[in-house]
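Here chain A shows up in two complexes: once beside chain B, once beside chain C.
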Partner chain A sequence: MEIVDTLQDGVVILELRGRLDTTNYSFLEEKIMKLIDDNRIHLLVDCTDLSYISSSGLRIMLMGLKKVNSVKGRFVLCCLQENIREIFEISGFTSIFSIFATRQEAMKQF
Partner chain B sequence: MTTARIIIRNDIQELERIREFIERQGDEWNLSAKNIFSINLVLEELITNIIFYGFDDDQVHDISIRMSLKNDMLRLRIEDDGKPFNPFHVDAPEDLDKSLEERKIGGLGIYFVREIMDTCSYERSGNKNRLLLSKQVK
Partner chain C sequence: MAQWIHDKDPRSPNIERLLQDVPKCPGVCLFIDIVDSTWIKYREPFTKWGQKLNNTFNFISLLNDFPDNIVKGIGDEIMLYIPENVLHQKTTFRTCFALLEEIYATLDNIKNFPVDGLFLPCKVAIHYCTEAYNVTFLEGYNDYYGKDIDLSARLMSKAKPYRIVLSEKFYQKVQEDIATENIQKEQGCLKFITEKYIEDFKGVPRPVEYRVIQV
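Our next item is the complex of A and B:
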């Protein structure tokens, strides 16, 4: 997995590319923790190019959401591929995450 | 019936070989991208469980994965020589409907497996754990 981060209007956009699984979820965990430490608490995770996620990946997303909420930030997702969206649905995560179809819509949340 | 088999070590980096195995077989058997995704997920969750919790020693162990397809019925058989453990005895997470504050992190992997597959069973045979799963793929 590759993580590309860009700063736009005070929002950190994290583009996840490839697969988020048990072998690499810790990279995303470290990235999110470092951003919060740097007081970057407006995070948008763009999943356009995320092709696979397992429970390890979902766990990190949930951790990110909880951490960011605890410091009164915002953690938003956008552009989930269909297979990934289904996994979010099975998990009941669609009701606790803010998920948007496009990056533009997601940016309006900040 | 066509059958494919892979033997991996109890090392999490082996997930990459599992991915290649499923993609190659999936292409050969004309499985949909969705089915390939689902089976990859099922295997990752089960194998990760075995690697992290199945062995008390620091030895290298083999885990065998057999996948077969007959009349659009895909079957998986996973065998390991770890301590006896039936992953399907673990209850489904109870907090799927709960709010963010109430949700515990974790416990989802086996739940995915049960949601995705049509049948899941466990048996202990000699010193081996054997998981048998099936799913209609069309």
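Our next item is the complex of A and C:
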């Protein structure tokens, strides 16, 4: 998996590319922890090119949400592919995450 | 699909011949159980309890690419068997290490889910089986028999809510994966694993070695 991060209007946009699973979740975990340590607490995760997410990946998403909420930041997701959305629905994650269809809509939340 | 072992004659030598030719089917046996579900059934209406059971089993099996590996469901417990050759063909988890990580993550997600009342707590037992056979004595069913299948079930007696009990044989397979895949030992849930326990289990003629990961 590749993580591309850019800063836009005080929001860090994390583009996830490929599969997020056991083999690589720790990279995302480290990235999110580092951002929060650097006081970058508004995060938008763009899932346009995320092709798969496993339980390990969901766990890191949940950890990110909780960490960011605890420092009064925002953790928002956008552009989920159909299979990713289905996994979020099955796991009940759609009820706890702010998820938007486009990056533009998501940026309005910050 | 399991090989059907059947003969109407109780004294038929065919059965022995059939069984002698059945190959061993090494793989991972998993038991996943909903904790305190009997108590929950008496406390909540069937509809509420059933909904939570649906949510929890969805979370466990669909999310982890398990549906094809469920051998049987007995009440609130499911037994899964993943033959080694099938495990290596999986994409979510191709190794015992990855499988353990995914199960840990699943229990952690259920435990830390921010909304109450959607899921039920679970406990898990995992064993790597070498003495297992893909046979059935009932036509049309898939099943696995063998000493190691029994041992997997016995391990469940040590499981508690949000606890994974893994046999030493499974742990050794995880260690092999760590060496083969060049994984850092501190990575993931293994940092929470206990030392080895050695205990006698009912019906097992030798002491059983196992470890525990508490989520």
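The criterion applied here is as follows: the second predicted complex is superposed on the first by the 110 of 110 C-alpha atoms of A that agree within 3 Å, B and C clash if a C-alpha of one lies under 4 Å from a C-alpha of the other, contacts with A are read in each partner's own complex, and residues count from 1 in each chain.
Operating definition for what follows: a contact is a pair of C-beta atoms (placed from the backbone, for glycine too) under 8 Å apart; a residue touches a chain by one contact, two chains touch by 3 or more.
Given the structure is predicted, the values throughout are model-derived calculations rather than measurements.
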Combined model on chain A: chain C and chain B, fit or clash: clash
Let me test your reading of the model: by the given contact rule, A:T102 touches which partner, first (chain B), second (chain C), both or neither? neither
Quick check for you: in the superposed arrangement, does A:S70 touch first (chain B), second (chain C), both or neither? neither
Partner chain(s) touched by A:N83 [first = chain B, second = chain C, both, neither]: first
Contacts for A:T6 in the overlay, against chain B (first) and chain C (second): which applies, first, second, both or neither? neither
Return first, second, both or neither, reflecting whether A:S26 touches chain B, chain C, both chains, or no partner chain. second
Among 4-12, 166-174 or 184-192, which stretch of chain C shows C-alpha clashes with chain B in the combined arrangement? 166-174
Those residues of chain A which chain B touches in one complex and chain C touches in the other: 19, 21-23, 52, 54-56, 58-59, 62, 66, 87, 90-92, 95-96
Any idea which chain A residues touch chain C in the complex? 19, 21-23, 25-26, 52, 54-56, 58-59, 62, 66, 87, 90-92, 95-96
Using the touch rule from the top, collect the residues of chain B that touch chain A in their complex. 12-13, 15-16, 19, 33-34, 37-38, 40-41, 44-45, 48, 96-97, 99-100, 103, 105-106, 108-109, 111-112, 115
So, in the complex, the side of chain C touching chain A is made of residues 55, 58-59, 62-64, 91-93, 97-98, 101-103, 105-106, 108-109, 112-115, 118-119, 187-188
Which stretch or stretches of chain A touch chain B in the complex? 19, 21-23, 52, 54-56, 58-59, 62-63, 65-66, 69, 82-83, 87, 90-92, 95-96
